[in-house]
Structure formats: structure tokens, C-alpha cells
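Notes follow once the structure below has been shown.
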Amino acid sequence: MNVNISGMSDLEEAIQKVREDVAALHGELVRYGLVVWTGGNVSGRVPGADLFVIKPSGVSYDDLAPENMILCDLDGNAIEGTPGSERSPSSDTAAHAYVYRHMPEVGGVVHTHSTYGVAWAARGEEIPCVITAMADEFGGPIPVGPFAIIGDDSIGRGIVETLRGHRSRGVLMQNHGPFTIGSSAKDAVKAAVMLEDVARTVHIAKQGGDLIPLPQEAIDALYDRYQNVYGQSSDDRRAEQS
Amino acid sequence: MNVNISGMSDLEEAIQKVREDVAALHGELVRYGLVVWTGGNVSGRVPGADLFVIKPSGVSYDDLAPENMILCDLDGNAIEGTPGSERSPSSDTAAHAYVYRHMPEVGGVVHTHSTYGVAWAARGEEIPCVITAMADEFGGPIPVGPFAIIGDDSIGRGIVETLRGHRSRGVLMQNHGPFTIGSSAKDAVKAAVMLEDVARTVHIAKQGGDLIPLPQEAIDALYDRYQNVYGQSSDDRRAEQS
Amino acid sequence: MNVNISGMSDLEEAIQKVREDVAALHGELVRYGLVVWTGGNVSGRVPGADLFVIKPSGVSYDDLAPENMILCDLDGNAIEGTPGSERSPSSDTAAHAYVYRHMPEVGGVVHTHSTYGVAWAARGEEIPCVITAMADEFGGPIPVGPFAIIGDDSIGRGIVETLRGHRSRGVLMQNHGPFTIGSSAKDAVKAAVMLEDVARTVHIAKQGGDLIPLPQEAIDALYDRYQNVYGQSSDDRRAEQS
Amino acid sequence: MNVNISGMSDLEEAIQKVREDVAALHGELVRYGLVVWTGGNVSGRVPGADLFVIKPSGVSYDDLAPENMILCDLDGNAIEGTPGSERSPSSDTAAHAYVYRHMPEVGGVVHTHSTYGVAWAARGEEIPCVITAMADEFGGPIPVGPFAIIGDDSIGRGIVETLRGHRSRGVLMQNHGPFTIGSSAKDAVKAAVMLEDVARTVHIAKQGGDLIPLPQEAIDALYDRYQNVYGQSSDDRRAEQS
């Protein structure tokens, strides 16, 4: 085991970093109005380990310190003896775990009941890609996933089956709400914020009359450019760029 | 009379605790945008006594200190000589008192004129249960109560007759607005926050087209699970969980 | 001239009090989202004098100190040599002045371009009284005033002709927006806040389907009770009550 | 080169002033809810030089200090060796640069994806001038510009061709969103704030039924008066007035 200057092993340091990120990122859900009361959850994979960090169940957004976050294995079980493990993890932990087991490229997962995302989900209607910001970020429509209720693997399986091979990092689980994925917890939070933003904008646009479709070749060009050209650095590019 | 370490009797201490809770919980109504100006009110029953604590009438949300809250008997009369009793209690006190007299299991009552809740109430239309978060929290539709105006027991009676035996902890009084109940003041505030959240989401969903109904067996399964399985502890479970 | 303990005459003290109130009340317009940039204005009559205090034209809501407010006579001219008089008063000063000259019972006037109020005004449609909070506060529908543009007395005259003898303290000037009056600047601000709240709520209610009318006798009973019975004190009762 | 009391040349001082303005003005985009995550950008021309200052690409609104802003020439290239130049400028820099090259009277440019502005843009529908505040500020409808995607001069050209000779300081680029111009960065930000405000208000008005058109002569009179008569001073009049 490598021990670094802080006296923590590399793994301990990686876990601590993810705890801090996940705790702080919950604040972004509040800032952007995506959650009420104790709803919603962010998780982040620990790089190089079969572990992820997630919010405890039913804790106020005012009390989300890094040491309250819960470290879980990829079956969604809290790792006994670690900080926070005396609490129950989020009731959506099984869905997050399923995604991490089946999509190794995913580093972060977010679930909210954000208003406009849920509204499209209650109609089982995908969000059409009619604005350039949506082409940049999602590369096409935001799809609907199957109706599934909590209690087995069906939510996680629905997320993975809908998003695998899809450009979109967000899915609207029918009658339930959005789940987003990303290369990191921050990238998944960005996807959740942008999903609600386009869900709101396209809803309002549609209330006013017919929408002008975006040509497929424009969608392709915008998506390709945004994913590959822009941004300040090569790491975690998408979460940082405008 | 038991006197505890703080020099207060158990009853005095219980009253003080409810005063602090009720005062602080008014801040949640502001945080979630459920109230404007001096509108809205939260009350909490004093455990083990025929008393409850409620907001004074017409006092700014900037001035809601525990000692300004008003202690009332179950007829809604301020207890003379107690802090705050020189003021009039909220004009909705009679309705709160009626609920406490007729529903002994209720520990908290909240009334707001929150935008979307009132909008459904102005049409006399119940909110259909089309999203899983609503099944979790309310176990079905949020019902409409009768039209009743302030001045006698008709509001309180309408609340009780609508909610008694109903899964929902919230009722939309026709042309008036939402009242919610809970095991504690905090639980009733959570219900008020969630009611407005689902009222907004289902309104917006419906503006966009037809809604997909939730199967009754899914509603039953979600409600049962949320009320009985999840949460960090057995006390005041529902107010805490996500 | 009476000189009081602070070394100010009674009139100077009254002016200073109105300056402080008017400056602080502009913050309520921001808090409730009724204004953007430098739009909107609050004025207050100086009790016992033919004077009122109003916001300067085009000053940021971050810079509204009492000494920046402008003291005007009832023709809307700044009183030379008084603090703030080197600036131009709000471009709506003539309309405020007209109201003070013709409605001696009015102690405060507010104008905003609040979103939902302006939306009804752009259709020239009065807001129907379908919720009890609106019956309490406005005693019936909120009426539409004539189309009039800035530059002569026509806005002020339109406000006065619409509101004189009307229960409503607010008018929607067609294609323009709301003006509200009150017994004090605070009471007029409360009316502006409540007007936007009911404009929003009734708009949303109407988008969802047919509204249930309130019986006229219920409107009368609610209005009478709210204006005459409730509240903590006899002074400025309406602005304080819930 | 003139060197002034601060030890900076006049040009250095002018650049520093624009850096400070542009950095601070991004905060107004956040305050008015016009942007999410790292989206949106403000730029300002350096008076008396072929230079402008713009936001870096993909930097959080929490990190926008003056020294992070990027100084560019009128082809949109960062000036090497100046503070911030190690970063990439906003991905919309080419469009801003095109505007500065072709509209010498323009001192500031703003781009956002504000919700209601984008909603009109997704339908390719101009915003009709039905409220007096819109006549004051924009002098008529807010026009739609052509569909154009990032990567060449087509966005900049579309902005210039639409706004040159038009009273409106804002254009809705089809399927994309608003760009606004002004005599300074602050004036362009005011235009962006007012554009979203009227986009929201007119959308909501139209959802409720038919709108009453404003007579053209009233629009002309309001626009003329607002641009020429009101305000506290002759400099940057429009950005300051109410």
C-alpha cells in the first residue's frame, strides 16, 4: 500500500476526495432548485476501486458533511466501520450500484425529482432536441426509460438499457423522474442541471406553438464539437466547459 | 410535577420545544416559497397536554421568535399570561384547533396559500397520483375539501371529514387552499412542501398532454414501503426520509 | 414650529420616517421578485403635509438609502435643497402625484411591472375573484384601467377613476402594469405583493380548466371580516394582518 | 503614452476598468437567473482601442475575477502575455468579435440561453411589442435571427444583419437563444435582463388569450421619450434609467 504525505493511503485519499466532492455537489442540486426537502441524491465512484460514495437516506441538505456520506461496495452495501456507515444509504442506492456494475465508464450518478423532468416523465414523452444547447450537451433527444418501482434491480436495469450506447447522459424514468450519469459526480450533476434546464425550456417553447426541428447534421456537428474540441483541459472536459 | 435539570417542569420543557420547532418551521415555508407577506401558519401539539402552539396573526416572517408563538387550548383560546398571549393568534386558529380536537393522532397542522395548491383548489380538482414520489408520500390523489369560509367550525370540519381515513396528509379546501397534517409540526410542514411540489409538477405535466396513470398496485406498494420500511429511525420517520 | 427631542421639527421627523420606510420598502419589491433592474417605484405621503417621498429615476436597488429618496410636492416637483433633490424623481412621479392630489385617503402608491400582473394587463382582462385570499384582500376582481402613456395626467387620472369607490387597492393599467394604493407605503406594497400573488395563482388555475366562481355573499363576508375584524392593532391594520 | 497617477497608462487603466465591469456584470446574469452552470457570456469593448474583454470558456460563476477575464483583439484572439490569456476565451468569442468589427457603436455584447428567450427562438417567433416597458426599451418587436451554428462567422453575421438599423438591442437567434448589444457591457446586460423579462411576460400573457396590440404611434412616442428624455445623466443613460 502506498502511503502519501498526508499519512493516508492513495485509496484513503481517493475516498476522501470523492466524499468531499459528493457532499459539495449536493449543494448544486439545491442551488439550481432541483430538489426539495431531503429528495435527490448524488453518488461518485472511487477511482480504481469497486466502491462508490452516496448520500445517506433522509438527511437534510443543511447537514451534508463529507463524513456523513456513505461508502458502499458495488452491490450497494455500506462498508462497515467507515464514517457514516451507521446510517442507511439513500433509498436509490441499488439503482446507482447497478449502473456502476454495468457501465464501467460511469464515474457519477445523479437522481432528482426536478419539476420539468418529472413532468415529461409523467407523460412518458422524450424531450425533442430543438435547441443548440441541447445538441451540444445531449446530442439528441432525452429518452424515456421503462416504468419500474423501487425494490429490485428494475430501475437500475432500465437506466442502463436506455443509456447504453445512447449519446444522452440523462434518462427520464417513466412516472418517476430523471437519472443522469457522467464521467465524474460533477459531470453527472452538470447533466442533471442541464436536463432540467432543457426540460423547462422545451416545455415552455412547446406551450407557445410548433417547434422548429434541428437538422440532424447540425445536431451531429454541435455534439461532436462540444465533446471533442472545446474546454480548458482534457480532464473532466465536459463538466467544465461552457 | 416533575422538575428537570433546567428548572422547568416536563410540561414547560415540552412547550418550549414546540415553540422553538414551530417558530423555526415557519422559515421552511419561506425557504420553499409557500407563503408571501404574513400569510400561512404552522402549529404543533404539545405532547401529553391539551395544548398547541401557533403563529400570531399578521406578524412578519422576519419576527418569528419562539416567545412570539402563542400557546392555545384545544378550543383555540390563547392561554393567558403565557408569552405571546397579548397578541391574537392566527386567524386560522379555529381550524387548527378543530383538527387537534378530532384527530388525536395529529401532532402538527400547516396552512398555506401556495400557488399551485390553490390553483387546483380554485378548480375544485383533486391532484391525480401519476408520479412515484406522490405515491410514496400521499398514497394516492390529493383530495378536495368542501367550500367553507372562516368564522365557524366549517373549515376544520371539512378538513377532518376529508382526511379521516384517507392516506393523504393534505387536502385542498375548495377556492381556498391546502391544509396538511402530520405526526409532528415538522411532518406537516414536509407534507405542505411535498404537496406544492406535486401540485406544480402534475400541473405542468398536464399542460403538455395526457398523463400516464400509475397502476393502483404500484401506488399501494410504494406507499406501503415508504411509510414502513425506509428512514433512519423509527421516530418521526416520514419527516426525515428521502 | 414644534421642535422635539431629536432637534428635528415634527415635520422633519415625519419626513425622515417616510424616507426610511420608502427606502426599505423597495427591498420588499426585490424580495418578492416584482421588479428587475431599476424598474418599479414606491412612494409615501408625509402625514400632515402636502408632500410625498419617492424613489429617484434609474437608481439601482442596491443604492436605495433614505437620503437618496426624493421629497416632492403634490405636483411632483422635487423640493429644492432637500437631500436627493439633485436627482430626477422616478419617471412615474406625475402619476403618483395625481393620486395624492385626488385621493386624500391614500398614504402610499406602488408601481411595478410584475410578470403576471402585466400579463393580465396585456390582454386588458380583469382578474376574477375565485380564491378566498383575494376576497379578503381585494373584495372582488382586480379591475383594468384605460390605456394611457406617460407624458401628461392620463395615467394618474386612469388610476383614480378606476379605483375611486372600488374595493380593490390595485388596478391593471392596460398594456402597462399594476398600480396599487394603500393607507401607507407599506400597505400599498402589501397590495402590490398580493396582487402579483393572485395574478399568478389565478392565471395558473385558469390554464388548467374552468374556475369555480366564489359566491358574492361569501366575497362580501370575507372582505368585511378581513378589513374590520382581524389584525393585531387598529393602526395600519391591513398591512400587518395574515 | 500617457502615464497617470496610478502608474498605469490610460490604456492599461481602461482595460482594467473593462475587466472589472465585465467580471462583475456576470454576477447580474446569475442574479436574474439568465444562466446555469458555466453558460452565458458578457464582453465589453475597451474604449479607444481595437480590443475587447470576455469571459473564459467553462469557468464557474463563482470564479470570475477581473484577472481571469480575457483580453482579445477584434478577431477574437487572446492577447498573449496578458492576464487570463493562458485560458481559452468563451466559445462564443468569434460572434462577439464579429459584432465589434462591424458595429463600431457597440460597446458591449451579451449571450445567454435564458429560458423564455430560447423558447421563442425554438419556434422562430419574434416577440410582439404589447407592453409599454417593451416599447420603452426595444422600440418594437424583438426580432428572430437566422439559424446558424458555431464554427464560422455565421452567428456574428446573423446578429449584425438582424440588428443593424433595428431599434431592438436584442435578437433571438433561431433554435439557439438571445444575443444583446449595448453602448457598454452594462447596457448590453440590461438589454439581456429586459429581453428575458418581456419574453416571459408576453409568453404568459399569450397563454391566457388574445393580446391587445400597442398602437404604432404609442410605441414611437414611448421609445423616443425613453431614449432621449429620461435618466439621471447623459452618459450611459439607458443602462441607468427606470
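As written, the chains take the letters A, B, C and D, and residue 1 is the first residue of each chain.
By definition in this document, a contact is a pair of C-beta atoms (placed from the backbone, for glycine too) under 8 Å apart; a residue touches a chain by one contact, two chains touch by 3 or more.
None of these values were measured; they are calculated from a predicted model.
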Moving step by step through touching chains, the smallest count that connects subunit B to subunit D is 2
Fitting on CA atoms only, what is the rotation between the copies subunit A and subunit D? Please report it in degrees, nearest 5.
90
List the centre-to-centre spacing of subunit A and subunit B in whole Å, with centres computed as mean CA coordinates.
32
Give, as an integer number of Å, the spacing between the C-alpha centres of subunit C and subunit A.
46
Taking each residue of subunit B in turn, which ones touch at least two of the other chains?
207
With chains as vertices and touches as edges, which is it: line, ring, star, complete or other?
ring
Which residues of subunit B touch subunit A in their complex?
32, 130-133, 190, 193-194, 197, 200-202, 204-205, 207-212, 214, 218, 221-222, 225, 230-232, 240-242
If we count contacts the way the header does, which residues on subunit B are in touch with subunit C in the complex?
36-41, 55-59, 87-88, 90-91, 113, 115-116, 118-125, 147, 149-151, 174-177, 203, 206-207
